[in-house]
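Each structure below is given as structure tokens.
Two complexes, one shared chain (subunit A), two partners (subunit B, subunit C).
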Partner chain A sequence: MVKGGYTTPEKEMKEIFYYLIFPGFLFSALVGLMAGWIDRKLTARLQWRVGPPWHQNFTDIVKLLGKEVIVPEGARLTFLFSPYLGLVSAILVAASLGRIIISPANSFGADLIVFFYLLSLPAVALIIGASSSRNPLASVGVSREVKLLLAYELPLILSIITVVIKSNGSLQIGSIIQQQMFFGSNIFSFSGALAFLVAIFCMQAKLGLGLFDVAEADQELMCGTLIEYSGLPLAIFKLTKALMLYTVPLFIIVLFLGCSLSPALLIAKYLMLLAIMILIKNTNPRLRIDQVLRFFWRIPTLAAGAAVILAMLGL
Partner chain B sequence: MDIRRKAWTKSIWVFHVSNGSCNNCDIEILDCFTPRFDLERFGIQLIGSVRHADALLITGAMNKKSIPRMKKIYEQAAKPCVVVACGTCACSQHMFRDSYNVGEPLDKILPVDVYIPGCPPKPEAIIAGIVKLVDKVRKGK
Partner chain C sequence: MSHKIIVPIGPYHPLQEEPEYFQLYVEGERVVDIDIIIGYNHRGIEKLSESKHFDQVPFLVERICGICSSSHPYAYVLAVENILGGEATIVPERALYIRTIIDELQRIHSHLLWLGLAGHFIGYNTIWMWAWKYREPVLDCFEMVTGNRNNYAMFKVGGVRRDIKDEDIPVLKKMLDELSPAVDLFRGAIMDDPVIKMRLKGVGVLTRQQVIDWCVVGPTARASGVNIDIRRDDPYGVIERLDWNVILEKEGDIFCKTVVRILELYESISIIRQSLNKIPKGAPIDAEVKDIPAGEGIGRVEAPRGECFHYIKSDGTNRPIRHKIRSPSFMNVASDKVSAVGGTISDATLTLAAVDPCYCCTERVAVIRKTDNHKVMNGWDLIKLSQEKTLRLKEVYYGRPE
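Right after this comes the complex of A and B.
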């Protein structure tokens, strides 16, 4: 992200600060863990329970740091390496997306594509880690995670293409935001609204929440992909999940609701998306993996395809 | 008090081991997570994988077939992990003591930290047992 061909120590310190503290790791982890608490609390209230205190997710992480790390016999190096891969890519998206929101001028190259790939890396990390753990339940979880990735990626790409068409073929998030600042949010048009609906379902699947938590099914697969993880690597996976809970809705907001990104409005939009996700999660039972594939490749894909055509017609 | 121990007492993840129980204790354990009692407000969760467990909640009268499996499960848990005997069967084998298919009592197999008697223990009794466990860990086990 450093502009120009040279760096100074001061600039490097700034980059490290951006990456580790403010829009990056520390800030987004705090927000993500709090969002995770909102999820748990709201779920509890919907079930007429009291729910955990606000510091619950932080306590969980601190506790996991103090636990023993068990490496199953015959597990490969990737078992301990893959959690970091997921965490690093999630931080990278959180940091650069945060900087772009602060000032759209920080946008670089075709960053939309970069972010799209970086956002699917945590799922890839989970697949690599779980498949090297040599656990049969984890391997079932892995196969489901791969199918889930195949299922939601297609409609998500189509709905992002809609946004790209609406901002005159620009692949730069900065110019997508500027376009929305001048002509209103993408959601306030037929094609945008349709693509936004599809993106909400894809977001739900990407975060592995409710309806689409097939890979981590608590009861039938015993946490599936995470079954062999304990202690520090498990804490890192939980942190990655929290970061994703912060980053993915932010990505959707920037693409579809980007007309005004002042802090108060941004928080309001984020909370709205979070509430929608939690409501979908709590009012629907888990789908089977074949139902997930059938669901995503029929209605959302067709809807997103229709959105692309509508966007080409200028609607 | 050191922060890790404090965090441990505020977020106990429970793995439920049914060791030849009659399913009565198991239903009462699930009752603890219903709206009336709601153990999640203390950070206590039932989890599926034993690798994530902080406490093994053992019910049942130590079936000879399932004792080796239970030992294996205890070895698989990430330490520090405590063992809670839930129900009179797990505490003292109850009326199955002289039965042909019952092995040794639980506290001769694993180090038990808390006993919760009752047939079945009421959810209140289970919560009281957890409070005792938390006190014990805070004072330094």
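Right after this comes the complex of A and C.
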């Protein structure tokens, strides 16, 4: 991402700063863990409970770092490496997306596609890690995670295509933002609103929250995919989750609500999406995996398809 | 190609609070067979009961199950009173009312408990917390009337141990008045929610014939349209003088089981209200019972989970020589064998929970099938093993003992 073809130590330091501190790992992990706390606290208040103190999620991570790492017999390497794969891809998205929001000029190539793939990688990492643990409950969790991925990717792609069509076929997030700055957010049109609704459900599934938390289903599978993880790898998965809780809504905001990205508005929009997610999570039971597939491949896919057609008609 | 794996539910699993082991044989997500293994928590209550005298046994049997902790003592005292000539002939009027009130209060708290757990099992924790929040005033009333939230120690042969004070009656009525809207809320939130319907309708179905074949009892049977309720079929307390209905549903799926329990809450509230209005003032609450003559007696009570049956045989001494208990969950849990097979894992876990299983009630002696490869150890063998291990540890740390 270095322009001009040469690097200086100063620029390299800057790159490291971008990826590790702000807007990369450290910043997004802080935001994600705090968002996780908001989720836990609001959920608790909705359920007549007190809820944890603000630092609970940080304490949990620190506590996990000090715990013994138990590795099941089997594929040790994949079991221990997959958490890093998930974390690194989440950091990459968080850092690059953050830089693009700061200045749309930081956009590169067809970064929309890159982000889309990187955002799927944490789920893939979870699948690889869990299936190498050779636990029957984890394997059921893995099969559910795969089906979940298959279920929500199609409508998500369709709703992203809607956005691409609306910004004249550009696959660059920078130009999608600029387009929205000129013509207003994508959500303020029939096709955009429809695609946004679909994207909210996909986001819920991507984050494995309420209604779609089939892969971890603690009452059925005892945390399914994560069942064999402990200590540091588990902490890394939790961090990845926190990062995703920050990144995925940000991605949706950039695509659909990108007209003004000043810090105050950005925070307001993020909190709004978070509130929607918490509300869906707390007012719905968990679906069965076949119902998840049926749901996503019917209503949201059809709706997103309709959104694509509407966008092509210029609505 | 089919590839069968075993998904274990238990002996310790977040789904079941008690130690119980279900082996689900699974192809993909579909459950093709299920093994139910019990005996992790057997306490030998029936045998213990034979070493207690008649007045001590209620305290023992109410510890069979913390949730049905009035049904078991009630069924026991009914069995002893059966030897003496029947509940109605010896127990004073006021005690009969108090017994009915306690029994129905217990049904309310048990059904609310199950409702919360059912919400938890389908991943709907809001229902869980709300149900348990509204259950709390019921437990407070229990504490006020009996001194305990659970294990009430209210029942004795010939009457009850504690009176419901006059000043407690308005408090109980107020609790019931506040509970009704809460139950309305649950009825709306559960019976009209499309997602819950999607999850529960047509799942874990027990047909009418299967209910009869597997001797299923209680709300689980009533949800399949089998019209049995001990309160009506073999009345006890003052229940037959009150106006109430047996709730029946037809389909036998988990949704119907939920509906039956929610609607039964209304009936219980109504029964307690009527009893509180009709209870005679200032009357005695127990009759003096001197000796239990030789003979046999049975007591049947409609516990929140179904028919609770106690059999007592007396030889004229002060303790039972045989005490047989058949609790409802023992009958209901077995029916998982037909209702849970064929569904997915998600459905199976729900189905296991839908009979409102109480494993303390279900425990029986486990018979170990001895094969050539297995060594069976009893308690003493295990203690010996542990002593040997301690010796080895001592050798490591202190050197060889003298």
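Just so we're on the same page, the second predicted complex is superposed on the first by the 313 of 315 C-alpha atoms of A that agree within 3 Å, B and C clash if a C-alpha of one lies under 4 Å from a C-alpha of the other, contacts with A are read in each partner's own complex, and residues count from 1 in each chain.
Here is the rule we go by: a contact is a pair of C-beta atoms (placed from the backbone, for glycine too) under 8 Å apart; a residue touches a chain by one contact, two chains touch by 3 or more.
All values derive from a computational prediction rather than experimental measurement.
In the superposition on chain A, contact of A:47 is made with both subunit B and subunit C.
In the superposition on chain A, A:32 makes contact with neither subunit B nor subunit C. By the document's definition of touching, of the two partners only subunit B reaches A:234; subunit C does not. When the two structures are aligned on the shared chain, A:62 is found in touch with subunit B, with no touch to subunit C. In the superposed model, A:286 makes contact with subunit C only, not with subunit B.
With both structures placed on the common chain, the touch criterion links A:226 to subunit B but leaves subunit C unconnected. Residues 47-49, 218-219, 221-222 of subunit A are contacted both by subunit B in one complex and by subunit C in the other. By the touch criterion given at the top, residues 3-5, 7-8, 10-11, 34-35, 38, 40-43, 47-49, 51-52, 54, 76, 78-80 of subunit B touch subunit A in their complex. The residues of subunit A lying in touch with subunit B in their complex are 40, 44, 47-53, 55-56, 59-60, 62-63, 65-70, 218-219, 221-223, 226-231, 234. Residues 5-8, 13-15, 26, 28-29, 119-130, 133, 195-196, 198-199, 344-347, 349 of subunit C are the ones touching subunit A in the complex. Of all the residues in subunit A, the ones that touch subunit C in their complex are 43, 46-49, 136-137, 139-140, 143-144, 210-211, 213-214, 217-222, 282-291.
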